[in-house]
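Questions regarding the structure given below will be posed in turn.
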Amino acid sequence: MTDTRMTDPIDDSDGDRLREYCGVFGIFDHPDATILTALGLHALQHRGQEAAGIVAFDGKRFNSERRLGLVGDHFSKESTIKRLPGNSAIGHVRYATTGETILRNVQPLFAELNTGGFAIGHNGNLTNAHTLRRELIEEGAIFQSTSDTEVILHLVARSRKTRLIERFIEALRSIEGAYSLVVLSNKKLIGARDPLGIRPLVIGELDGKYILASETCALDIIGARFVRDVANGEVVIISEDGLESLRPFPAQPMRPCIFEYIYFARPDSIVHGRPVYDVRKAMGVELARERRIDADVVVPVPDSGVPAALGYARESGIPFELGIIRNHYIGRTFIQPTQSVREIGVRLKHSANRCVVAGKRVILIDDSIVRGTTSVKIVQMMRDAGASEVHFLISSPPITHPDYYGIDTPQRDKLLAATHSLEEMRQYIGSDSLAFLSIDGIYRAMGEERRDSQRPQFTDHCFTGEYPTTLTDVTEERVKAQLSLLAEAS
Amino acid sequence: MTDTRMTDPIDDSDGDRLREYCGVFGIFDHPDATILTALGLHALQHRGQEAAGIVAFDGKRFNSERRLGLVGDHFSKESTIKRLPGNSAIGHVRYATTGETILRNVQPLFAELNTGGFAIGHNGNLTNAHTLRRELIEEGAIFQSTSDTEVILHLVARSRKTRLIERFIEALRSIEGAYSLVVLSNKKLIGARDPLGIRPLVIGELDGKYILASETCALDIIGARFVRDVANGEVVIISEDGLESLRPFPAQPMRPCIFEYIYFARPDSIVHGRPVYDVRKAMGVELARERRIDADVVVPVPDSGVPAALGYARESGIPFELGIIRNHYIGRTFIQPTQSVREIGVRLKHSANRCVVAGKRVILIDDSIVRGTTSVKIVQMMRDAGASEVHFLISSPPITHPDYYGIDTPQRDKLLAATHSLEEMRQYIGSDSLAFLSIDGIYRAMGEERRDSQRPQFTDHCFTGEYPTTLTDVTEERVKAQLSLLAEAS
Amino acid sequence: MTDTRMTDPIDDSDGDRLREYCGVFGIFDHPDATILTALGLHALQHRGQEAAGIVAFDGKRFNSERRLGLVGDHFSKESTIKRLPGNSAIGHVRYATTGETILRNVQPLFAELNTGGFAIGHNGNLTNAHTLRRELIEEGAIFQSTSDTEVILHLVARSRKTRLIERFIEALRSIEGAYSLVVLSNKKLIGARDPLGIRPLVIGELDGKYILASETCALDIIGARFVRDVANGEVVIISEDGLESLRPFPAQPMRPCIFEYIYFARPDSIVHGRPVYDVRKAMGVELARERRIDADVVVPVPDSGVPAALGYARESGIPFELGIIRNHYIGRTFIQPTQSVREIGVRLKHSANRCVVAGKRVILIDDSIVRGTTSVKIVQMMRDAGASEVHFLISSPPITHPDYYGIDTPQRDKLLAATHSLEEMRQYIGSDSLAFLSIDGIYRAMGEERRDSQRPQFTDHCFTGEYPTTLTDVTEERVKAQLSLLAEAS
Amino acid sequence: MTDTRMTDPIDDSDGDRLREYCGVFGIFDHPDATILTALGLHALQHRGQEAAGIVAFDGKRFNSERRLGLVGDHFSKESTIKRLPGNSAIGHVRYATTGETILRNVQPLFAELNTGGFAIGHNGNLTNAHTLRRELIEEGAIFQSTSDTEVILHLVARSRKTRLIERFIEALRSIEGAYSLVVLSNKKLIGARDPLGIRPLVIGELDGKYILASETCALDIIGARFVRDVANGEVVIISEDGLESLRPFPAQPMRPCIFEYIYFARPDSIVHGRPVYDVRKAMGVELARERRIDADVVVPVPDSGVPAALGYARESGIPFELGIIRNHYIGRTFIQPTQSVREIGVRLKHSANRCVVAGKRVILIDDSIVRGTTSVKIVQMMRDAGASEVHFLISSPPITHPDYYGIDTPQRDKLLAATHSLEEMRQYIGSDSLAFLSIDGIYRAMGEERRDSQRPQFTDHCFTGEYPTTLTDVTEERVKAQLSLLAEAS
């Protein structure tokens, strides 16, 4: 916990360090600000399970608690809540993609600026953070974390503008990538979303007080009303004077991340007007239309494959059965930090429901394949339980490109679909057949006619390789790598 | 952790103290005995989440680790496994029904007898433990725990028989109630089941070595083969000479606890030849036959209501939908120790899936109603999410009597069905209608024609009040209470 | 903490296991019983630093807290004290001589007998505990600790006498060795001392309430009045009726352990009327009379050598100086559990005060030599700091025999004086000269004319080999060892 | 541990926050750098007991461990040392004067500058830190701790000089007050001392490698050789090229803090050529010359009063006796953080040695009186133990002024001597007489003829009110306070 590991700047330029996936929450001027934030974060726990933090402002002081572990491990306790008095608060749940999670990186980050205290929580990932960080260190800034978010803090601190909001917007203009931000100052709660709206952020209301949250499920848990999504490129300022909206960027169409619908968001959340559960069932329906298979049972890979499997079963008329039982005492695979834990996790987490599977032709439905290591084991588990055939269907297209906007995807060469043909994948996974939903199929499930190749309606680079923003750090890394190859050659 | 709380014998005669619900595992002469036991206990975690323990024997010493918390919290670590060398091991998961869980009560219990070390793990509850305990203390026995299981230890220690197995059987003849036991001595692994076979116990085999476990799911996780159930009243002795079976009690029909099928066992377990998942679906089918309702969606109360809801949906033709989303970061309600946690749990654990429920006539399916407090909240949650009608159907009969065989049921006056008529229950719960599966319906789901009222095929006193054994401690309490009333009166 | 390590009975017959050195405290019918017990134990901390425990009785329940670590680590906290309500309490500090300290061995031990709760704390060591333990296990007793004290608990539990005090005295008649006991029942506080009074026990009084404690310093810390020593072979019973004294053993002269004066007791304690500080100074005076050396400074080995060094300096006229500075952040050497810690301890604990030592002829004064390993390092430290001569004087005779009454002495072959001549010891230690106080010298320091060889006034077997009681366990071990040699030979 | 408490800048301007008292250590290019640093810090533990930290550099990375608690609690473990690989290391022990100790304030502090990693440990206190901090925040610096030391870090980071050493010296020119600094970069170990040399810093050598440490006792523990003191105003740079000395400030006479001799330094340390033990004995001698009393025993208040008491006893011919026994299981009073702990501490820490004191005229010798609360209790303890007279002599002058250079003195109105006449102090303390060593007496004990009132040889403002530097923060506070009074008045 108290272990702080510091690295030389040279080592710090490793691109993996700064990536993370997260959820945010904020509430202004409510007597139960802290406990409501804790509950909101609990509802957002699926967005980050390694650490959680809350900063509350009591009119005089900012108090902060940041902890490794689940929200419920720490923020359920009266003693912790008591150490966070205040009427306004922001909170953050976090999942570190690589290396050790260290407390210094846990958000919200806080700084004492000359305008007063300033706390910030960030969901997303900046694609020019390394570059900015190096420039700031050059100018004498002292970084305490390895988080990309700290760059924003320093940009605000160094701005020569007078008003906090002007300084904040000036900072936003320097950064690129994906961000949904919640900020707490001694007078305001601020929310901001990047120009494309890659990560979600919604506005809610409880007892006449404003709330910001990554997903609507964080409003539901506390009985708050959904007001609207924060728009792409919008900055909302919540203060005693109510809610003010600024649009500091040129207008452009929204392009939210399609992966929120496929995997990340909770099924009961409504993202940009689309219920996630309905979208996932529609993916199953589209899959059944694209790929009809003669089989006895439709079995979801729990829990994320369940809605698509229900959709597939209904469209195909093949019975839906719980052929895989999940052990509830372990967290989900995709979101664990090390390879070794992943493998133990698979073994401990699922078991075949023999009575459903034995002697049957089984259609397995999952939402996606990343490395494919889990899929291999699940197919084998079905065969061990006596399945006569195993057909593996995926309710989204093949993932061929890594993400740089806050999703923990492995390096490209670890993505199964980036390095294998469909038939090679089938052989690797060991199923009798393998199919993915098409890219147009997924757009249809989203309610679109098809993908607009000129102006894609969603951020979908994981399937298409079309990144919606410049990737300054990536480019710079590549140039540096090439230069060092040249240097070695000469 | 190190806090030991001791009570005067007077206070100890409180009946609640000795009840618990548990799972057991044992393996003999396998090089990975300890880690396999840990994995087996992990698969049995649903049977007890407050504490876990393993005793391993390495040919010279018995080593023991007993911990509060989940199996995975402690027994997943290499350091813990290393402290438990040995080729034979038994393990236990435990759930304390009342008061504080204390480490002294965590099993397996161990004693050094004059025949050598003796470790025991117990699933079930003895109905004459208080009476025996008082007698043993009278004779100079020193009890270190408040567990009913320790009585068995003292009976074995005091037996005048020469061979351990004779002493153990002598002890079994003194106790009454429900027990599935695993015992480890320096030469043998012993399993025993009470004359009625109230709690389950199965024999498995891996690499030619014998295993004992509460449920088949503990065999599946380690890839072991199911051999057979231990019979009611059977004692199995596993040693270097293989497996020997003794039948120290007069033969009688088995009468297993019906609640294993309704709630406790994992859906992928097979109990006495019946797949639990199939039985639960059949309960839903029977429920649909008994109680057809005109509605739009069938929604399970997750997760235990899912199979019955699938059965109901299939039989009725009404679509099955996940109308309630479970937050995976909290354990299940029924199995939490205090009332207050239960209430927070309900609030944090489930959320309505609005897109499925709003404007719909909803059939909610749950496996049982105990106090009813959760049901009230779930019905309200459906209404808050816009359900136009809420029909609450229970896939088992009303629970009207407490259990004394190892299930944590509240005192009778806290059981909703013991104190309310069906209509009063409906009003309390707030649903538009309420129905339970009939007692014959549940027997049909079990594959029986009907309940044999002369010789009921199952232990079902929670529904019928017909307890299958004498209840010595309960009777004695009642007599004592009456005497003290007389004393007050005089 | 929660780690319980159990051993097969065979291994348990290792003689080292049962030895310990301890301090006890008890108070009856005082509103601050628990906090006064905690303070008393803190004053007795030098008698045992590995673990501490308190049992308090609140008129209905016995509550207990037993912890590894110092008294102040746990029992200084309000939360701990609050968990120990009651007007009567006993406490214990403990030092385990070998192997791991386990919580199960921490005292007071407690049992629920048919006469009610019974808690016991023991200072001393029984010399027939193994033998009794084996017999008790044979009869069906279940031992939970490896402590010799638990034997007493079982003897009391099994007694057929009616009254607790009769059962307790019956138990005392079965045991041999050294014991100062405090016992708490639901009606009484009992103190008892073995027939020779080997370990100390005093009676105090505060606010008209009785106290029992190992040393008077535990009375001083709470402002209590010293009443008298418990006599050898006396049992004192403190109840609502006041203090009653029983003498269940035939009268014989007291023979207290001389090591209490040399090393164990705190210098401000008064043991059997003799102030410990005065006795230690007198040992220095006698040493100066026996062994006059021409030197520049008298330097004590801190802290136990200080009073003797003051006595030596005053008698000899050579200046007393602090030539060795002790680092206050480490405990004292003799009382650490493992050899490896001992060695680090020496290195971290003392440093030479160069300005006092450089160029000087130094007389080092220490209270005793056990293994001699520390002495070697201290002499070397003086030489490294520039001492021109180093004379090592010991204010007690050579230790040639191990203790079996509760002092942690190593096996005989590890005692330097048991295996080396005086000159060999000097060479080993590396000093210019080495001398010990004579056996008659130490008796003179105690105020005696000389040692009465017919009836020695003190328990002094460590110097003389004359053990004051039979040593049943030791003899039995020897016989067993001889038999096994015979067996091997045949 | 993980609790981070942040305050609004407004609250942070409270002067108390930035004060601390500490010890430092550094070693360059030695294979055992980390463990030697840990041992050195252990020897310096008396200079700060609340927290400790080490930063080590392994040629590529800086690794850091910072912990609340004693050095031995954490840095004695192999696991901790292993997390700190490297050939160069600096360490710090810390004592926080006010409020909660937080991990963010534990040193060494670290920053990644554009010149590479930079770690710093500081003993002393800056008198313009608040002022500088406010200016730096104004310019956009982000502070992570409330420590005055972090100001230095930011000054170095923002310097426009090219070389690290130039940037560091530029930073030194901005700060005022007392500082002995150790700095570790990826190429150098740097030591620096303020222009007056208020806090000590010495250079040592082991195996041909250089060491920096607050006191010589940290060299002794590891067997290192004392080379020389770092001079006042000197910067020493240790690198692969050896040791280089810079003098960036105009030459002026040294003026070390006299309190190092009176209380802080360990008695076996040699500070600026004077053995601390000898100086303290000389204070006792001077006290005996100034104040001869007709009494029976000289009793030191342990442990800091012992050398002065030996000096007094020798000069006066009155016997030295240990009339107060210290319980070794509690730390010393002066260095505990809160008033309440102080009071429990006194009660638990000392006891009267009745046999020495009863019926005697006692001279108590202590090194100083701060608040006087402990003195009251000790005098009372002597009377309770039967002393017929108690004379209280202090081996230094009355403390009338607070310190601002790193000693934790209370606000002036809490200093007994600042608000009471000698006779009032005697009455408060309750002794028969009370005397302090004169200011010239203490200078004589230091080897000076008298205090040079033009150019005092020592920093002695606590006795004289003559502060050796400007006190920017204090002045500013006073001005602010006056302005706010004016504001209130108007």
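Every chain is named by a letter (A, B, C and D) in the order it is written, and numbering of its residues begins at 1.
Simple rule for what comes next: a residue touches a chain if its C-beta (ideal position, glycine included) is under 8 Å from a C-beta of that chain, and two chains touch if they have at least 3 such contacts.
Each chain and its UniProt protein: A, B, C, D = Amidophosphoribosyltransferase.
A quick note: this is a predicted structure, and the numbers were derived from the prediction, not measured.
Touch-path distance (fewest steps) from chain A to chain C is 2. A straight line joining the Cα centres of chain C and chain D is 39 Å long. For the pair chain B and chain C, the distance between C-alpha centroids works out to 50 Å.
Residue positions of chain C touching 2 or more other chains: there are none. If you check each pair of chains against the touch rule, the ones that pass are A-B, A-D, B-C, C-D. For chain A in complex with chain D, the residues that touch the partner chain are 1-12, 55, 60-68, 83, 103, 110-114, 116-117, 137-144, 153-154, 157-159, 186. The touching residues of chain C, counted against chain D in their complex, run 39, 42-43, 45-46, 49, 70-72, 76, 217, 220-221, 223, 266-268, 270, 275, 277-278, 303, 306-307, 310, 314, 319-322, 325, 327-332, 344, 347-348, 351-356, 384.
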